[in-house]
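Just below is one structure, and these are the notes that go with it.
Order as written gives the chain letters A, B, C and D; numbering starts at 1 within each chain.
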Amino acid sequence: MRRALVQLGYFVRTALRGLRSSPVTSAVSVVTIGVSLVLVGAFALLLWNMEGLLDRFGDSLYVTAYLEEGRPVEDRRALVEIVATVEGVERVRVVSKREALERFQAGVGRGSALLEGLDENPLPASLEITLLPERRSAEGLRVVVESLEGLPGISDLASGQDWVEGYLRAVALVRAVGLGLSVILALATLLIVTNTIRLAVLARRDEIEILTLVGASRTFVAIPFVMEGLVQGAAGGVAAVLLLLGLFRLVLPGFEFGMEFLLGGVTPRFFSVGEIAALVGGGAGLGLFGSAAALTGGWKA
Amino acid sequence: MYHVSKAYAAGSFALRDISLELRRGEFVFLTGPSGAGKTSLLKLLFSAEEPTEGQIVVLGRNIVRLGPAAIPRLRRRIGVVFQDFKLLPRRTVEENVALSLEVVGTPPRVTRAKVFAMLKQLGLQHRRYHHPLSLSGGEQQRVAIARALVNEPEILLADEPTGNLDPDLTLEIMGLIASAATRGTTVVVATHELDLVSRYGKRIVRLDAGCVLDDTPAPGDGA
Amino acid sequence: MRRALVQLGYFVRTALRGLRSSPVTSAVSVVTIGVSLVLVGAFALLLWNMEGLLDRFGDSLYVTAYLEEGRPVEDRRALVEIVATVEGVERVRVVSKREALERFQAGVGRGSALLEGLDENPLPASLEITLLPERRSAEGLRVVVESLEGLPGISDLASGQDWVEGYLRAVALVRAVGLGLSVILALATLLIVTNTIRLAVLARRDEIEILTLVGASRTFVAIPFVMEGLVQGAAGGVAAVLLLLGLFRLVLPGFEFGMEFLLGGVTPRFFSVGEIAALVGGGAGLGLFGSAAALTGGWKA
Amino acid sequence: MYHVSKAYAAGSFALRDISLELRRGEFVFLTGPSGAGKTSLLKLLFSAEEPTEGQIVVLGRNIVRLGPAAIPRLRRRIGVVFQDFKLLPRRTVEENVALSLEVVGTPPRVTRAKVFAMLKQLGLQHRRYHHPLSLSGGEQQRVAIARALVNEPEILLADEPTGNLDPDLTLEIMGLIASAATRGTTVVVATHELDLVSRYGKRIVRLDAGCVLDDTPAPGDGA
């Protein structure tokens, strides 16, 4: 016990001394880890905010139920209530005949007097039925449409099947590309960081050799190095979070104009506390893993 | 202390079919011209190199068969003064000497006291916080000697321990090494300085081109 | 002259020897440069293909000119020809009354019998006027609309101003985010590469010190190092191109389904020969710059 | 050859107010106990360190005022044997020796011939393609000497050039150095080996604690 404490003291002291006595090497490791995490973090932020964007698009994914003409208002209310309880439905909105006409005119073009000649509004009222996010798939859509099909008061259903499939494919594509790039980025980062630490260890191989000649066991040599890696990694993680925060604050206002259009009212979000902890922890893990790998791999070379 | 040893390095023989036996507490000089194989022999004893052939028994263990975990344990019982010192450039003199105590887990307070005493004996206490690169050659050599001796090893291997020292210091340090031998440490000193060798009247092993030329026992010794 | 040749020979020999005698360090530099370029390259490919995508969306950015009813067919042909010569117009397509009705019905929903009760098709024929890519801005749109406004035979113009502005903002956002990420990525890459080479130089600082003690000038010491950097960088560049090509080939088929929806008929493109040369050259430049920077910065430390 | 030199290193004096003058072609031994300042003095001559105070004139140039471009040029005219050899571990013996010819732009063919001749003189031709780390201490020292001599320098500074060599080799190498002196090279040898110093009958400068203790001219010399 006492000996373990003595050893721990030695390890901590040696690790700190190592950090102090090779500032360039340490700085390089910290910067490399930091930069790598900034890349990963920036990319993660982008992806997450794009997910938000996709969800937003998903909100305009709805089933339109055209209502039969000439039904009493009470019937329609009852219908809305029934529809709202159908499994998979998130929200129901009533679009009146009048509103339908306005939309149509807005869609065709401003001054269009297209339907003006008609004595009666030919467009029917309808229900806009939004699906729950988890139901936004071709399958979920089919289920909802089937549940609605028999209901009295509904003359016709339009689910924009094409648009839905296109949307779903686009989401899948963005997710896949994002995932692919994330994997490449993560692997690249891991490779770069372990390589950098391997070089840092290489620069100090004399030290390692001498320690083993004096009778130090592998563990005795390795622990301070690994601790150094841990500290450097954590420092890199903290630096990355600060830099990302700075970038986020700096860059955001410039994009707000375009952002508003794409994200609508959604404010782009930064990392949560847990995610920040994960980033710093990831840095520490990288440093730890990197130096451990460098020591086992590069012990001799 | 060790039995048979036979070794060659990288194609050409550095040592050919050497057999030696050292007794516990013995003091042996290893001499021979440059390239004779003195350093190679010490490296074998220290298991810094493996013999190409033959067996070596050190402190009761056949080091040829030693696993990688056992080698550090053995090394902690042996003090070595390397021909090229092998000091850590980024640690102070004090920290360098403390190393051989730290690897056996000596508490910091004890370490500091022992290191200070040792440095004082070698006239280096004022260089305590210097780094090896800012020391003269002789001072570096003394740091290496301090590191080898501070842990009171059972075996002391010294490769040209006085090559960079002036005659006065040489005498002093040989005295220190000899006194370690009287405390029961087996000492092997590799050197060319024939004066030195002849002055002490100890066992002398002469090497040349990897062979034992002759093995003169200490004058007062019956063997 | 003779002496210069002798020196050049020495430099080349020394650089090659350096590469051979420190294989780990060289490999680390090559891998780091390669990985960095893979990141940059993958990102560039993504961006360029997204630009293609944006252009594609841009194709559906057109001005609709509703035609007056009851004009003879000759008049309409003449109008089309005039419109086609308006500055900024790329293409003109005639949408007949019949086609307009079909589109409308398709847009409202499948079985919709909405306009069936009407005895006459109320929708007018129109011209779809596509703008030249370089004119696809709010300003370009305004110019075209103004040029068309007076023309006889056109009853009304609809340019979908909202949609245009939204689209343009989205393009600006994607470009800005892409540019921002590119800049971050480029800086990060530069930083990582110079750092790695700095460490590699640090691992050989004894060599540098001894050379200067033997009377070598700075240039004499530096040139072989810089040449090594150049070779390492070029090797990294080649490796990056091969890896990217492999990834491109590997990943593409899996995405084709989603891709088709987004890109339509556009096949995602790989780098041209010139771009490949630029990538390899960029690697060589990185290596060169990195080692030069490491030598001047890290000469002493 | 140089005039006044006064220097201290990092707070504490390594050399105090030294004044020396060497003539072209002179052979001088520099002796003194460990830490006396011998290496420091040689470093000053070689502009590896700058003096804290004073001026040093070498080969007609005041090296204190020398720009960074002129220092390499000066160094190419001086051969140095470092106490710790300073060989490049990743180049062969041949390449290490060739270095001092390559920095002056000697064509490869000439270089190879000169290097081979020099290695042969030092009994190292069979180690030509070895790397320094696989050489014995004495062999490394001889490589360092070969590198210093191969370029026929105008000044030769040798720091303990025979510390790792056996008596026979020491004689041989001192002969080589002495013959360089007879060809007009100014030679400064720092050493503790007093036998060596007394045997040659040359000028002896004794240093202690950074001061010149005495300066004995060569016996046959009127100065």
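Methods note: a residue touches a chain if its C-beta (ideal position, glycine included) is under 8 Å from a C-beta of that chain, and two chains touch if they have at least 3 such contacts.
These numbers come from a predicted model, not from an experiment.
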Centroid from C-alpha atoms only, then distance chain A to chain B, rounded to Å. What do you get? 62
Could you grab the centroid distance between chain A and chain D? Build each centroid from C-alpha atoms only and quote it in angstrom. 66
Where the CA atoms of chain A average out and where those of chain C average out, how many Å apart are those spots? 23
Chain C residues touching 2+ other chains are none
Hey, how would you classify the chain contact layout here, line, ring, star, complete or other? ring
In contact, pair by pair, are chains A-B, A-C, B-D, C-D
Please output the residues of chain B touching chain D within their complex, sorted ascending. 9-10, 32-36, 38-40, 83-84, 134-139, 141-142, 159-160, 163-169, 192, 194
Chain A touches which residues of chain B in the complex? 46, 48, 68-69, 72-78, 80, 82, 86-91, 95, 99-100, 102-108, 147
What part of chain C is in contact with chain A in the complex they form? 23-25, 28, 31-32, 35-36, 38-39, 42-43, 46, 64, 66, 108-115, 117-118, 122-124, 156-158, 160, 165-166, 169-170, 172-173, 176-177, 180-181, 184-185, 188, 191-192, 195-196, 198-200, 202-203, 247, 251, 254-255, 257-259, 261-262, 298, 301
Using the touch rule from the top, collect the residues of chain C that touch chain D in their complex. 2-3, 6-7, 9-10, 17, 21-22, 206-207, 209-218, 220
